[in-house]
Each structure stands twice: as C-alpha cells, then as structure tokens.
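Below: one structure, written as structure tokens.
Chain IDs A, B, C, D and E follow the sequence of writing; residue 1 opens each chain.
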C-alpha cells in the first residue's frame, strides 16, 4: 500500500519537536534534584491554560501568552520546589517519597485548575476544553503539508537546543547546574549557592513546560488533562536520553517522535489498533534500558 | 598570633543528638593546626559544624574577627574558607578539569584561574594524565588528590582538610605535605583532621586531641609528640619507645 | 610448603584506553597476611574487583583453589570463600550495626525462602551463636555500644571498622581488604591487624592493600608491589625495602 | 437503604487492598523494589480468575492458579529489575502496566476487550440475602489476608528478611556478601505478585465483573499511598495504611453531603487527598508506624541485654 | 423500604472529572434543568425532588462505589446514570439485587441488553445498532465503496463501528473497508493516522468520536487536506461545541456529508433547547437531552408507582409513556427505548450564529422495535 513517507517524517519531526520542548525542563530538574517530577504534567496543562487566558480571553496575542505563561508557571514550579520538595529533601526524603509527593502534587494542581475557574469565571477554566482561536494556514511543499504552527514548533525546538547548549556549557549558571546535580554538598563547599541554582532551574524547567503546553494547546485544546496526556512519552524521552542529559533528550525526542508515527503505519499495516502507538515508544525505551541502563547518555558523555 | 578562624564553645551534632560538647579550636594565618583523636570522637562533626554541614546547637564561629555563626555554607566558602570533606569529595559526573573549574567557581580573572589549574596539574601528574576522565572512574587516591586540588583552586585564606592523606601513597602524600607547608608559609591558615597522627603532628604547629566529643588535650605539636601518655594513648607506642 | 590458594595469571583489565591492570601474576598460598602496595592508580582496587567478580577481566585467568573464577558472579565467589572489605565502605546504612554483621554471616540456614518460613527452630538456634560471635568482634573494634545504631550514623572510621568486621563474619578462606587502616586510629588499627594475625594462624588468609607501610610491614609475610597495572616486585617485608623497583615505583625515590 | 451493607463492603475492600498493600510492602518497604506497576499483577490475577472460572475451575483453584500466573509475570519483571535503577524501574513497570492494560482492552478475544466479562462469585449462595453474600466474602478475603500477613511477618523477621533489607540498601554489597540478588529479587517479586494476583481474583469475584477500566494506574498509586502512609517495612503499617486510605476515600465522599461547597466536590476531594499525602510525606516521612527492626529470638535477647550494657557505659 | 423524608431523591451518577469530565459536566446541566422543572411543577408524590449528584470519575470502580453509596447511604430508589458502559456493567448485578433501577443517558452499547439484570437497566439513548443501521443506509445510498473508519478505542467507538459494518454486510454492500483506525482516548496527535486514511484512498470516512477529540481530528484533517473526502459523523460529534474551533468548523462544513443522532422533534424538544440555552448560555450538546429525559422518566415513574420503591418504579418505567426532549419515551421489557427518531444532519454556514456555522437537519428517520 502507498504510504506518504515524506509526510510521516514531517509528522515525526513535529511530534519530536514538541516532545523536545516538553522534556528539556523535566530532564534538567530531574537531573538536578534526582527524582522524576510527575507534577510536571500539570505545569504543561497550566501553561496551556495561562496561555489561553492571555491570548484568547485577554486577546493579548501569542507572544504575550508565551511570556506570561513562562513567568507564571515558572513561579509555580519554583514555589512547588520551595514549598514541598525542598523541605522534603532537607529531611532526607528518598527518591520514592519525592516521586509520590509529585504525583500527589499533580493531583492537586490538576483539580485546582477547574476550582480556580469556579472562583474566577473570567479565567474561562473548567473541565471542558478551551480552544485557541488563532488559526494557522497550511502550506504544501511537494507531497508534504505543513502548517505555520508546525513550523513554529520545529523552529522553537531548534532554537531552544542552541540556547540551552550555550547556557549549559558557556555560562556559570550552566556549570553550576551540572556541579549541583553531581554532588550538592560539595557544590556548596565550592561556594556555589546551590539553593539559588536549584530554584533557577526549577523556574526555567516549569517555564519551558508552559511553552510546551501552549504549543500543544494551540495544536489541540487545553483542559486539565493536557499535560497528563503527554507525560508518558515525555518521560520516555527523558529516560531514553539519559536523565539530566540534555543532548540525549534531543536525540530521544526525535527517536520517540519517529517511532510513534512510523508505529502508526506499521500498526495499521498489521491490522492492530493504533492505540498501541504509545506502546511502541515504550517498547523502544524498555529495550534500550535493558540493554543499556544509561539510555542514550553513553553517546553524549566525554570520557 | 591572632586567629583568623576560631570556633568557640561549640556544641554540635545531627538531628537532636549532640556529639560535640563545648569545644573551642582556632587557627591563625601561617600556621597548621591538627585535630586528632579516636574514631567516632567527633572530628569531622566539628569541622562540618564550622561550615554549617552539621548542626550547631551552641557556640560561635569567628572569622577575621567577624561572627559568622549560622552563615550559609556557600557564603562562608566565598569568604575564603576552603573545605575538603572526608567522604564524597569530588563531583563524580564531572571531568577532572571541570572539577577544578568548580573549585574556582567564584574566582574572578580567567588568566589566574588558568595558571592555577596549570600549577595544580603539574603538581599531580596522575591527574594531568587523565584530565578529561570522569571523577567517578578515578582510584581512591586519585580522587583524594582531586579533592584537595579542587579546594586549592579557590585560593582560600583558611583550609579545612578532613583526612586529606588517607588513601594516598607515599609520593603524592609527600607532595601534598610539602605543598601544605608551602601555602602555610604563604600566610594561609590550615586546619587538618588526620588519623595518621604522627605525620599530622609533625606537619602542624599545634594539635588538639578530641575524645568522645570533648577536648582531651591541646598544645604545641612537638610537645604532644613528646608526651609519653599521649604516645601511648594515640600513637600506640609503648612508653620510652 | 602450603598449598596455593589464589593464582592470578596474566590478568588484564582495560577501561577504554586505560590499562588499569595489565598482565598481573600472583600466587597466594594458604595462611598468613599478604600485602599489596603500589602508588595511587596502579590498579590495586581494580585487581581486587576482578578477583571478586565485581568486574570481569579482559584476559588472563583467576584460579581459586585451582578453580577458574573469571566469569563467576560475586555471590558464587563468596560461596568459594573469597570475601572482601571495600576501600570505600559499602554498609547497609539503615540497618543496625548488628544486622549488618548478621547479614554477612556464612552458611545461614534462615536466609533461604522456604527455610526462613519452615525451619524456624533450626535457624533461630544457629543465629544465637552467630550473634555471640558478632558481639565479640564488635567488642574488639570498640563498636559494642553502637550495636543498635544504624550504620549510617557511624563516623568515617567506624564505618571502615564495621566493613572489616562484617567481612570477618563471612568466615572467609581468603579475605581481601582494601586499605583497612585508612582513616583508622593507629592504636585501633594495630589492634585490628593483631586480630588478623591471630586469625591467620588459625588458617585464614589475608590479602591486604595498605598505604600505611609501618603497620603493614609489621604484620605481612609477603609483599607484592604494583605499578602501572603490573607487578614490579615481590618479597618479604625486610627484603622488599631493599628493592630498587619498590623505591622507584612507590616511594618515588632513587 | 442499608448503611451496614456499605460498611461491610468497606470491610471487604480494606481486606483486598490490605493484601495489595502487604505485597507492595514486601517489595518496596523491605526490598526496595519500586514496583510502580502493582496494578498489572492485580489485573493478571483478576483476568486469570475470570477466565478460569468461566472454564469451570472451582474458586480456590482459580485463586491459586491466578496467583501463580501473576507470580510468573513477577518473575519476568524481576529480570529488568536486576539492571535498572529505582526510578528507571518504576517508570518501566508503570508503563509496561499501561501496555498490558491496553492489550486486554484492545484485544477483544482475550476477555471481551473493553466490554469485559462477567465473573461468577467464588461461593454462590442462591437465595441468600445480600448480607450473607458480603459476609461470606469477608470470610474468604480475611482468610487470605491472614495467610499473606503471616507469611510476611515470618519472612521479614528472619535472616531472609535481613537479606531483603540489605538488598534494599546496597545490592552490590549484598552480592559481594554471597547473596544472590537475582534470586532474592525474583523470589520477592514472585511472592509480591502472587499476593497481588490473589487480591485481583478476590476483587473480581466480589464485583462479579472484570473490565480493563478497573485497572487504571490510580490503583497502583493508591496502594503506594497505603504503604507510605502506614509505614514502609512494617507489616502492621501496611494494613493500617490500607484501612485509612479506604476509609478516607469513602469518608470524604460522604462528608461532602454534609457541607455546602462553593465548587465541585469531586475536585475538592482530589485536592484534599493530595494535600493529606503531602502532609504525611512532609511531616511523617517514615509513615505512621516506623520500620520494624528484624526481630528474631537472638536479636531480641541481645536487645534486652543491650539496653543494660548501654546504660552502664553512659 | 421507602424512607420517609421531605424530599424524593433521584440519584445521578455522571463522570464530571477524568477523561469524560468535560462531557459529564454538560450532561449534568441537563439533569439539573429537569429537576428544576419538575420541582416548579410541584415535584412528585407531593414532595420536592432532590438530585443526589455523584461523580464517577470516568472510572468504573469509582462509579460502582458511588452507586452503592447512593443506594445504601442515601436510600435512593432510582438512579439516572451511569454515563459509561463500564460502570453500568459493574452496577447492574448489584442494583438487581438491591432492586434499584438505573436509567442511563448515554451507554449505547448493544451488549448491555444481554446482561443478566438488564431489566433493571433502562436507557434514554438509542442503541448502536439503530444508529449503525441509519449510517449504513447512508453509505450504501450515496454509493461509496471505500470506507475508512476512525473510531474511539472503547465500547462506544468500536460498538458503533461494528454495528455499521455488520449492517453493511447484511445489506450486501459491494464496497470494502480500506482502513480502520482505533485511537486511544487522550491521543491528541492524529496526523499519521489521518495520513494513513488519506493514503488508503478512502472515499468516505466515518468518525466516531466525542465532541472534544472530534474537534482535534477535524482540524488536523483539514491541515492534511482530508476535506476532499466525504465524512460522516454520529451523535458523539454533533453539536455547536464542535464549531468552537474555527478550523474544525470549516472542515465540518466542507467535508461532512452527514451525521446521525437521536433526536426529538416535537415541541418538547424546542422547549428543552430553549430552556437549556437560556439557563446555561450555550446550546445543549450530545446526551444533555437524553439525561433530561432520564430524569423526567424517573420522576414520572415514581409518580406513576405512587410509592418511592425501586421495584415499583421499575414496573412503572416499563409502562411509562411521555413526550421527551428526544421524542416519545417508552421502554420495552429489557429497558431499551421501544421507539425513537434519528436525525440526519449536516453542517451549514449561518452568519447569524456566533461561530458562523450550525448543524442543520436533513431528514428524520423514525425507528421502533
């Protein structure tokens, strides 16, 4: 049967770009604080909601939506860390405790969104989805179709990679992030203000989640489960790339994007339900981890 | 001589257990002070409490005549107090070079950092040979060298060293000993905890003996070394040996 | 002459381009304390790890009592009687000191799934004997009063001591110790070595890496010197100090 | 209307989830295996029970075989568990769980797919009152719970239990001390999974129906909360946690009828539940009951003696 | 037994949180509207009606628990709901034992009629086979020969797809099904699935979705140029909610040949739509009307039974007859609607509406057993 492979590849690129934007913040905070933050899903949703409020309810446009959502959700991320995870970590909480706490926090944030909507109807937040009104034109490039939003998603992913690369390797804060994730006590003993480094990273990470939330929201819809719907593939990306490894995440995002989309072609060819598309991403992850528990990180490590 | 760093009447410990009881130690610029004592007597706890890594229940820390009790650890470090912990003293997922860079995290001046790094690599050829290796793959002794080198990168005014010579073979150990003497002579204060009691006292000007969290003896290193009861209790040497 | 216990034959272990262990030969016979010295990074810990099955050598052979152990899992090597104490202690931090000791005890009947459920009377009796033994050892290393503290609460040196004590609980035929005296007070360190010597008289064999030569040379009967992954000299303590290779490699003197 | 029915129903649920909580406690509390896919084994036990009982097996065989099949899956999960770090393992099992649920949901031929299939009760009493039905279930569930509890207690207070904890703390060190961690992990995951499978069988025979939708990840999460709340590495804690969470779940729902709320009660229930978990984790991270030390005759003897030794020296 | 109290309770189990939360919230409005009207008209048995609202969380286990709670703690003798098939399947044996009838507004699966205890399970929506028949007729009538389906991977999606395919076979349709996509709830990226349909060369696509995932499928379909193929919808993707997104609206106008839905035609329907729109500021979406009817049916049955007792209410339900928002409501002896009407709808431009689009009826097909 004919398959328009070019389009499948483009679709993969778009999926991968979105996963990349969504997973960078998670991998950085995961590496730094040493636990998987499931409430990250809610940062994505919240980003979508704030973005929707700014862009649509206030009518301030997408650029403003990105900035406000980045800041607001960034602050939420910071507060979550400061108010919950930091005190827990100080009391010697294990990775499992932190992980379960993050699931609980996610539960709280997810259900707070509609509660906010109940108290402040002007926000327009509820369980019922909201839709961005901005529409995007579609272009044809030969056999391939692309919309403006898809191009923006790809562009943002690339730009983000470049900026973060410089941030991590060339700036003091970047180095401090890496030192802190390696040995926090010793980072303190080297005169690094570890707390500040962690705060900044949590702020940044949550802010990036918000950006992903807006992209996802603009492509689909925003509702309280927006983040949860994509958190498992995002975790797959983070782990496949090697936790805390930003370069690994770039590669993994596109691998998972590709696997999901090619998976759809393969599944339908086999007469199976495309529900399994997420399963394919995970099969790749599980096999990689069993063969190489470090994920792709092994390729992105200087020796 | 006026002490640059003094810990006065320190009561310190973990959680709500007090391990150090009313201990005072001090060190002046240009001298090496040693803390020795049996295992579990609280030497590491004492040093940690100076920088806030262990809980300080009572007592005060004076640095350059200023009270810095309760100051955030990283700020104390930035004031000029360098610290090498007894365990976990390198960044395992950073390379040797990056570890050294971290030591100079708050130093200004690219060139002086560069020469500092060069000097240190020259001092430890073992490290220079593997400067892009991850610290987690180093041998026990190589880690120890790296830990000390990292602390030196910051060019501190006071150095707190928790068993720097453990795990070192004679050659690097000698290098470090002479380096310590050298920086002492340059006017740096050094407080050292060491289980190699004899060596520590030979190296230092003054010694403190900590037993069960309290000071049991203190005095000139040479006189401690000459003290028969000290020799018997802490060096395991028979009297008159 | 006593029988050969451990034979290391041309063992190599590489990490990428690093030749951590590069053709080592050794022959350790039953009884006594055997020393291994060498500058930092010369491959001593790596050699130990290969003997213990924690890392597998790239080439060469390791034989314990004639049996090749190259590709055995650590627990199988333990079953043969080879036990070690890590250079950086690896205790079970939230277990009590006593439990740390009892985990290591050899030949426990109660540590099998069905036995623990159905042979309770049997292992309870055995465990009382083991507990007495553990308490004796802890007494020696001055940890008796800490038996119900968790291992995570011990000081650096106490952990090291417990690491050694725990290994003794395993009734090793051959005990590998990586720098047992590092971080340990000299008085206590000597006491520990004294104990090891007593045990070696009753047939146990010790193979010890140690930088504190004044202690090691007092007790060891044979010394191997390693440098850059190779054995460069061997001999008894009195002779080895006269060897040029030893001086050059280890002390850095001509 | 009969509130006692609802109460008895609660008692059954506490029993079933008590078994789940005990089994996770063995895996995580004692052995440190972060099984974030508890629901899979629950599912496997449930579906095995359903299919076997449709094939005409008597209920006790359905329960036992279901537990054994779950144990086999537990063994399979123990293979990656050997290589993966806690958090990696957690996420791998979590997602494998979702994949397995996806399979039973999508593949209609297994057991009706999303439609599920009905399950005969273990002990049918034709013509008996609804009360009698529940009481029979309470009997059955609590016999199983008692067996699981006894096994947990005996196992963890023995040298075997000590090895479990040693593996939790440092598996390489345990291996170097002669403990075959592969064997131990496999045994514990098999035992834990068998218990979860047993609970699954009890669950569906009680509800008379099995559906993929009954096995959402939230079940796993709930069991985790039970263990963390009650106190990991404490068998009584696991039971306490199960009881508290079940009571909270229903209690909060009943409480909402007594209050007038300015917003949707359902959202508030989730938020309240989340806040409670956070409070426990923050202020009582060791759980309500703290880890019980290994208790054997020998250690108990030393303990009674050891106290004296200490006092003398201090 | 009938508890004596000042109000008559009608249970209401909808999923207002979780995957179906958005839909459940809207359906709940339909129930509340009905209760308001019933009370304004004097209530039943001389008492006011109290709606006991519980959230099933889109989780069958939780839904079942809420059924038990309503029955045992609140003493409810009739429950409107559950919304989802799963919770219905779990609850049916229980309510049979406890003698409390259920009236579901939205569980359309055929299999529910075969369950033991189905006589306790009523529904105001029409079953999949009825709708499948109408859609199959349409496909055959318009002469399409290459059918692609993109359906939710749940009982609703697969049930309706199966009904259509079965019916086409009965009809002896000569075409073939070239693609069958079952997507999981919560998938929000359908590009490659849609591309697959495009590559398969389908000439008609049947989409079985709910409103909220429908919007996304349609807008991505527009992005991929699938508006050149004919599309058919169902009750799940009927409603002005789908026009909230401009692209989705544009697509539906361009590509939709037709869809079907349960419909009422009489004045009761006009009244319902007007009252609902006035009260909630938006037009009713799918199943709001069936829920409204379910609550009315419960009230009327209690009144007819003359006593607040589950068994009596069940008997009364089987004999009930009234004009609801979705047409004449009567139940057969297994609790399914014995008659109903399907509307075939399409999407047309209408500048007078807020979004510029609206659903327009093409024709109404009445149906009865």
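In this section, a residue touches a chain if its C-beta (ideal position, glycine included) is under 8 Å from a C-beta of that chain, and two chains touch if they have at least 3 such contacts.
As the structure is a prediction and not an experimental result, all values here were calculated from the model.
Number of steps on the shortest path from subunit B to subunit D, with steps defined by chain touch: 2.
Seen from the C-alpha centroid of subunit C, the farthest chain centroid is that of E. Rounded to whole angstrom units, the spacing between the C-alpha centres of subunit C and subunit D is 41.
If you average the CA atoms of subunit A and of subunit B, the two centres end up 43 Å from each other. In terms of their C-alpha centroids, the spacing between subunit B and subunit E amounts to 75 Å. With centres defined as mean CA coordinates, subunit C is found 48 Å away from subunit A.
Within subunit D, the positions touching two or more other chains are listed as 102, 105-106, 264, 266-267, 270. Listed for subunit C are no residues, as none touches two or more other chains. Annotation for subunit B: residues 133 touch two or more other chains. Contacts between chains form some other arrangement here, matching none of path, ring, star or all-to-all. Those chain pairs judged to touch are A-B, A-D, A-E, B-C, C-D, D-E. Across the complex, subunit A is touched by residues 28, 34, 79-80, 83-88, 90-92, 95-96, 98-99, 102, 105-106, 221, 224-225, 228, 262-264, 266-268, 270-271, 273-275, 277-278, 281-282, 285 of subunit D. Remark: subunit E residues 16-19, 21-22, 24-26, 153, 179, 181-184, 186-189, 191-193, 195-196, 198-201, 212, 215-216, 222-225, 244-247 touch subunit A in the complex. Contact residues on subunit C toward subunit B in their complex (touch as defined above): 15, 18, 37-42, 44-46, 87-88, 142, 153-158, 160-161, 178-179, 182-190, 211-213, 250-252.
Every residue of subunit B that touches subunit C in the complex is listed here, in rising order: 14, 37-42, 44-45, 86-87, 126, 130, 133, 137-142, 144-145, 163, 166-174, 195-198, 233-236. Residues 51, 53, 72-75, 77-78, 83-85, 88-95, 98, 101-103, 105-106, 132-134, 150-151, 154 of subunit B are the ones touching subunit A in the complex.
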